[in-house]
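Two complexes follow with chain A in common, the first pairing it with chain B and the second with chain C.
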Partner chain A sequence: MRFFKRRLNELKQYPSAIVGIILISIFILTSIITVINIPYDEAIRLWRGGRVWEKTPANARPVWVDWFTSDDKSRTLNIDSTEKEGMQIVEDLNGLQRFEIELPFDYQFDGFPKEINIFMESEFVNNSPSASITWITPDGREFQSREFSVGQSRNFRFERDDNVRRAFPDQIVRQGLFGIPDQEQQVNKGEYKILISGYTFNEEDIVEAEAVLYGEVHGIAGTDHRRRELIVSLLWGIPIALMFGVLAAIGATVSTFIVAAIGVWYGGKVDSLVQRLTEINLVIPLLPILVMVGMFFSRSLWVILVVVILKGVFSSAVKTYRAMFLQARNADFIEAAEAYGASNIRVIFFYLIPKIIPTLVPTFITAIPVYVFLEASLAMLGLGDPVLPTWGKMMNDALNQGALYMGHFYWVLQPAVLLMLTGLSFAMTGYALDRIFNPRLRRL
Partner chain B sequence: MKEEETLEETEKYAVDSLEDESSSGDAARIAKYILFRTLLLMMSVVIGVYLVILVANMGGQVDDIRRAEISYNVSMQLMAMQDQLGDMPAEERREFERQLREREERRLGLDQPFILRSFVYLRDALTLDLGRAEQLTSDTGSRRVRRIILERLPPTLLLMITSFFILFFIALFVALFLSRRYGSKLDRAIVTLAPTSAAPSWFYGVFLILIFSTVAGILPRGGMVGAPPPEGTLPYALSVLRHAILPVTALVIAGVFIQIYNWRTFFLIYSQEDYVEMAKAKGLSRRNIELKYILRPTLPPIITSFAMALIFRWMGSIVLERVFNWPGLGRMLFEAIGLYDVPVIVGAQVIFAYLLAFTVFFLDIIYAILDPRVKVGQGSEGGKA
Partner chain C sequence: MAAKNLLEIENLHTWFELKKYGFVTVGNVRAVDNVSFTIEKGEAISLVGESGCGKSSLAKTILGLYNPREGHINFAGTVLDSSDEEQMDWYRAKVGYVQQDPYGALPPFMTLKKILEEPMKINGIKDSEERIQRIKETMEELKLTPVDDFLSKFPHMLSGGQQQRTVIARALVLDPDLLIADEPVSMLDASVRIEILELLQKIQHERDLSVMYITHDLSTVRYFSKRIMVMYGGKIVERSPVGDLLDNPAHPYSIALLHAISEPDAENVDTYKEVPSGEPPSLLNPPEGCRFHPRCKYKIDGLCDEEIPPDFGCGMEGHQVACWLYRQEGEGIPDDS
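== the complex of A and B ==
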């Protein structure tokens, strides 16, 4: 224990190690918070996508982009009738009620919204209520949609309505609705009102509406082509990357270490068997093997993890460890252990391996980023875990959707920066530890 | 090419210094070692490929896909024979179809037990005779897996060999330079940058595309030649060169810092040996000391560490080609995944196993030439300090 304490003190002399350890701690803390706040099942449900994300814009930039641009980008506005006055009956015509829902909002952004949707729900006894929507601009112009039946739930795309489109024959409807007339690209800032009016056929009937103006920027991390908020996968990517990297590194380094120790201790045929297996393993390409497993058996991260560890047992590090064990094998205390009759297993696990363990620590930490990036590499080939949100899958999606050429840089850069930071934090710590545990390097 | 002279020079020195070994004995030693290593590597490849086939056909995936392919072909055949078979009764027709299918399965050896079949597959795989791809075609339109692979091999080799050479020489010279200026600002900078090599080449490729292609717009963002390919050899070569700049840079960036760091450390360790001090005391020139007393004994471990790095880089190149749309083996594998093209995927395993074996073999030869201690049976850890 004192040995490790002293080493820990030495660590303070390496600024890169301190930065690395701080970063690792932040990552660990964030992953704990993430896993508590967004449980595993919830994360998978969110990442599967679909209707969960119908009220977020597609391909919206993150909110922080707005801080660096001179104009004020539009954000997502949700105007919900249940939070406003709600449905008002304005006229009763013998079992036929005329109702109105007012959805006022103040629009002060420089940018136009990406889309306009009005989600409507109604509860009715016999016949579905009917409604039409009127758009009232701050300067009092009015645009009315056709009349439609609400049904139990309806997603009304206001800009796609024939009546509204006819009002703006040679203009993008959104720009027509929000723009100053004759001044394209200029937003008419002020109080807008969406007026939904229609008829219900029973006094009990209720109509609710929510207008969503999809923003150009949305959320801390933006959204992807399937409207998913990227923050979910950015956050959940941390525990997944850490877990995969650490487990794979532990599995691979420890098993290699044990195999090398056994080979050196028994020597002769066992040793040459270990060496031959290492050489065979060397020419079996790892990534194609994983591709094959992913294609034919399972893309689950757990299966991939097992294969990575199995492939890592006879890794090329066997040679390095062998050289160390060969030196340690002749130490006096091992001879002493043999003399008092310790079993082979006992000598290997209680005498031989502990002697070399300090060298294992840096190797193990430096190996972690390799596996973190391996997961990302697999995802880049389209073989990411089918359900889990990971950074690699995010980058793969982004590249498939042409994010680099369409200007959606945030989509690629955010996971890339996180990958880089994870890799760097472990690598920096590992290199510093390597110098501390290998005195020969310390002076260099 | 200056480097080759250096190697020759140091080689001469090594032979001179070992007076008890004549140069013909040296050649015999190297030949014997290389023969031994070749046999060992060939065995490794055979066993490795066999394991790949076992995994690939675990649960009979390969067989199933072959069978599905056969019945598809048979039904296509029947459709083509519609005219002749028009008046054949349904019963007879089904029987005919079954016969065709069985004949085809027998032809492909699907009726034999798996152990026998696996060796048939092994032989086919080793000779890259993997039949026809299910979806992919070569540029000449062939469906033969071997043709597709051989067609995609040169672009990959071009990319990798270029970057390996650039990587080796940059790393060697910078490492030597830094070992002289140990502790300088540049030295510290490189040591700080060493951890960046944890990221694979494709990762840097993404950034390079973003900077030099999307934002600056000065280099093409992918592909190997411009579209349409320029006429004439020289313009064609220049176009390839232009397209290769970014992927090669990505490969070099991903590997160079860790390589410099490792080798610089080797040089520093070796430059503290007593015999180097002795040489300095004798007043030998610094160039002489560096070449004969530092570079010479460090070359074997350097070669070993480079071999390991290269094997790691090969894997990164698969995704790199997908990112840069480089028409090599990596993109072939990526396309095969998208199309679920099993023969091509198995073929990719085999060709990469061969490539890794050749990399090891090539560096083994250099190792044997460089390290006079290497003998058969001693393995290749003779140079480890």
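== the complex of A and C ==
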């Protein structure tokens, strides 16, 4: 152990290794925080989508895009009646109550919102309350909708209302509502007011409303075509990618190492068997096998992991390790161990493998991103786990939706950058480790 | 008799098969060919011979690292059976092994504490305090003091002499009855050699240990062995008390070997050292008859190159030589029928 501590201390001499280790630490820390804050079930639920995301815009760019544009993109605004004054009874007409809900907001963005939705809910005894919605612009113009029955819940859109639509015959409704008259594409900045007024038929009836103005930019990472916030899969992609990479690297490199050691130690038929299996395995391509497993069997991440590890046991590294072990097996200290009665297993694991293990460490570290990329490639080809939010899955969605053609660059860019950072961090650490553990590469 | 002799080797053959295509045997390397000898309890014997004569193969066969093709090893009254794991474990704990290259013999990734604990862990001493106690005793015996300073060190932090003393400590930590030292000082500095040899001698006396000291350097055998065996081409050609062999070598090969010792003596400037011509015999196709006959200037045609010489007595008691030159009338020559 002290041997490794000393080696790890030497890492300090390599700036690239420090950067790599910092990046890896950030990744690990973020994974831990993510898994704690968004538990697995929650992540799966969020990623499955649906009504969870009804209050986020579709295909909205990330907020950071706004930092690089001259105009002020619109953000998402939620105006909730329960956080304001709420429902006010203004008139009691003998068993019939007139109510008003005021939803004021200050709109100072240069861009129009992507959509406007007013979600209404009511609790009533006998008859559903009825309501109509009035849109009041900063310069005092008023547009009133038809009267409608609220029901238990209702999603009101100005675009669908005949009265409001009639007011803007040759314009998109939301641009008409926010625009300055006769000046298209100009936002009328100021205090807007949404006034919901109507009647309830029982004193205990309650109406609640929430207006959502969907922004052009939303969230740290934007949203996709199903309104899901991409940050969920960006964050959850880290633990999944790291787990897959580390497990596959451990499974494949460590087992290869042990197989090579066993082959060399027992020699003869065992060695021949290991070598022939390796040679057969080398001519079987991995990707088509994974594609077939994905198509016909299962796309579960665990199944893919098992296939990757099984395929990796007799990899070409067996040959490299074998050469090292052949050299080590004739060491005097191994002969001495046999002379004082060490068993075969003990010799392999306590004498043979520790002699070579320093060369395994850098190989192991550099192998991790290889498997991370493999998982991402499979997901991008549509063979990823259908349930899990991963980077590859994100890019697959982006490809299917023509993200680059539609200008949703962030959709591809963000997972790609994270993948590159993952590869870079492990590569930088691995190469520095390689220099430390392989004295021949060490700088003088 | 059985109680007196710790180790009895009878007709030991260690042959290595050479195979073609993995199954066709094309020949045997006869590294050890029909060797018999005994070591008494508490006795030190030397085995000398040039490189490649089978000394180390003999040692490793005795250690149980190679399986003999024929013959058997009788240790403390028990005939060893290499397929009996329990018996071999017991035997291995009773035999210590000191190798030539001290640095190679110590695993570079273990601390001294771990290195010295390993034989005890393997041989079932489970109490860690007892292990530490024995390590401390052995290290003090070998002057690896202060013990605590050494325990946490790695082999590369030690000097050559300290490394070799660690190797000896590892061999002794199980309290063996027999120590096999395969050229224990040939890789060390001349100044350290004497120190190690004296230490071995002292330990041998104190522990009443049987030692088999293997070397190619006749100048060091005087140090602690009483008997000496000369090995050539996989066979023991001469055995004798040390003094007798050094003063009166009998076998032509022993004579040549003694001539080859370089003594730092000014008179040697002018003396010509006669070295037998030719090369050591191939153990794959050893010469017929006496293995030394192609290089021997006393060769008797028709005898030395046809018949393998048996052991003849010569000179002092216990001095035996496998050479036709010392045959008595009517002795040893098989009937040609």
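Annotations
Note that in this section the second predicted complex is superposed on the first by the 441 of 444 C-alpha atoms of A that agree within 3 Å, B and C clash if a C-alpha of one lies under 4 Å from a C-alpha of the other, contacts with A are read in each partner's own complex, and residues count from 1 in each chain.
FYI, contacts are C-beta pairs under 8 Å (C-beta built on N, C-alpha and C of every residue); 3 or more make two chains touch, one makes a residue touch a chain.
Please read these numbers as outputs of a predicted model, since none were measured by experiment.
The superposition on chain A brings chain B alongside chain C with room for both. Of the two partner chains, chain B is the only one touched by A:Met395; chain C is not. Between chain B and chain C, B touches the greater number of residues of chain A. Touch criterion not met for A:Gly50: it reaches neither chain B nor chain C. In the superposed pair of complexes, A:Phe426 makes contact with chain B only, with no contact to chain C. When the shared chain is aligned, chain C comes close enough to touch A:Asp332, but chain B does not. In the superposed model, A:Ile280 lies in contact with chain B only, and not with chain C.
In the superposition on chain A, A:Tyr340 contacts chain C only, with no contact to chain B. Annotation: apex chain A, arms to chain B and chain C, angle 60° (C-alpha centres, rounded to a multiple of 10). Of the two partner chains, chain C is the only one touched by A:Pro354; chain B is not. In the superposed pair of complexes, A:Ser16 makes contact with chain B only, with no contact to chain C. Between chain B and chain C, the smallest C-alpha to C-alpha distance in the superposed model amounts to 8 Å. Every residue of chain A that touches chain C in the complex is listed here, in rising order: 2-3, 272, 331-333, 335-343, 346, 350-351, 354-355, 357. By the touch rule above, chain B contacts chain A in their complex via residues 40-41, 43-45, 47-48, 51-52, 55-56, 58-59, 61, 182, 192, 194-200, 202-203, 206-207, 209-210, 213-214, 221, 264-265, 268-269, 308, 311-312, 314-316, 318-319, 322-323, 333-334, 337-338, 340, 342, 345-346, 348-349, 352-353, 355-357, 360, 379-381, 384. Residues 16, 275-276, 279-289, 291-297, 316, 319-320, 322-323, 366, 369-370, 373, 376-377, 380-383, 395, 399, 404-405, 407, 409, 412-413, 416, 419-420, 423-424, 426-428, 430-431, 440-441, 444 of chain A are the ones touching chain B in the complex. The residues of chain C lying in touch with chain A in their complex are 22, 60, 63-65, 88-89, 92-93, 95, 97, 99-101, 104-111, 118-119, 122-123, 154, 167, 170, 174.
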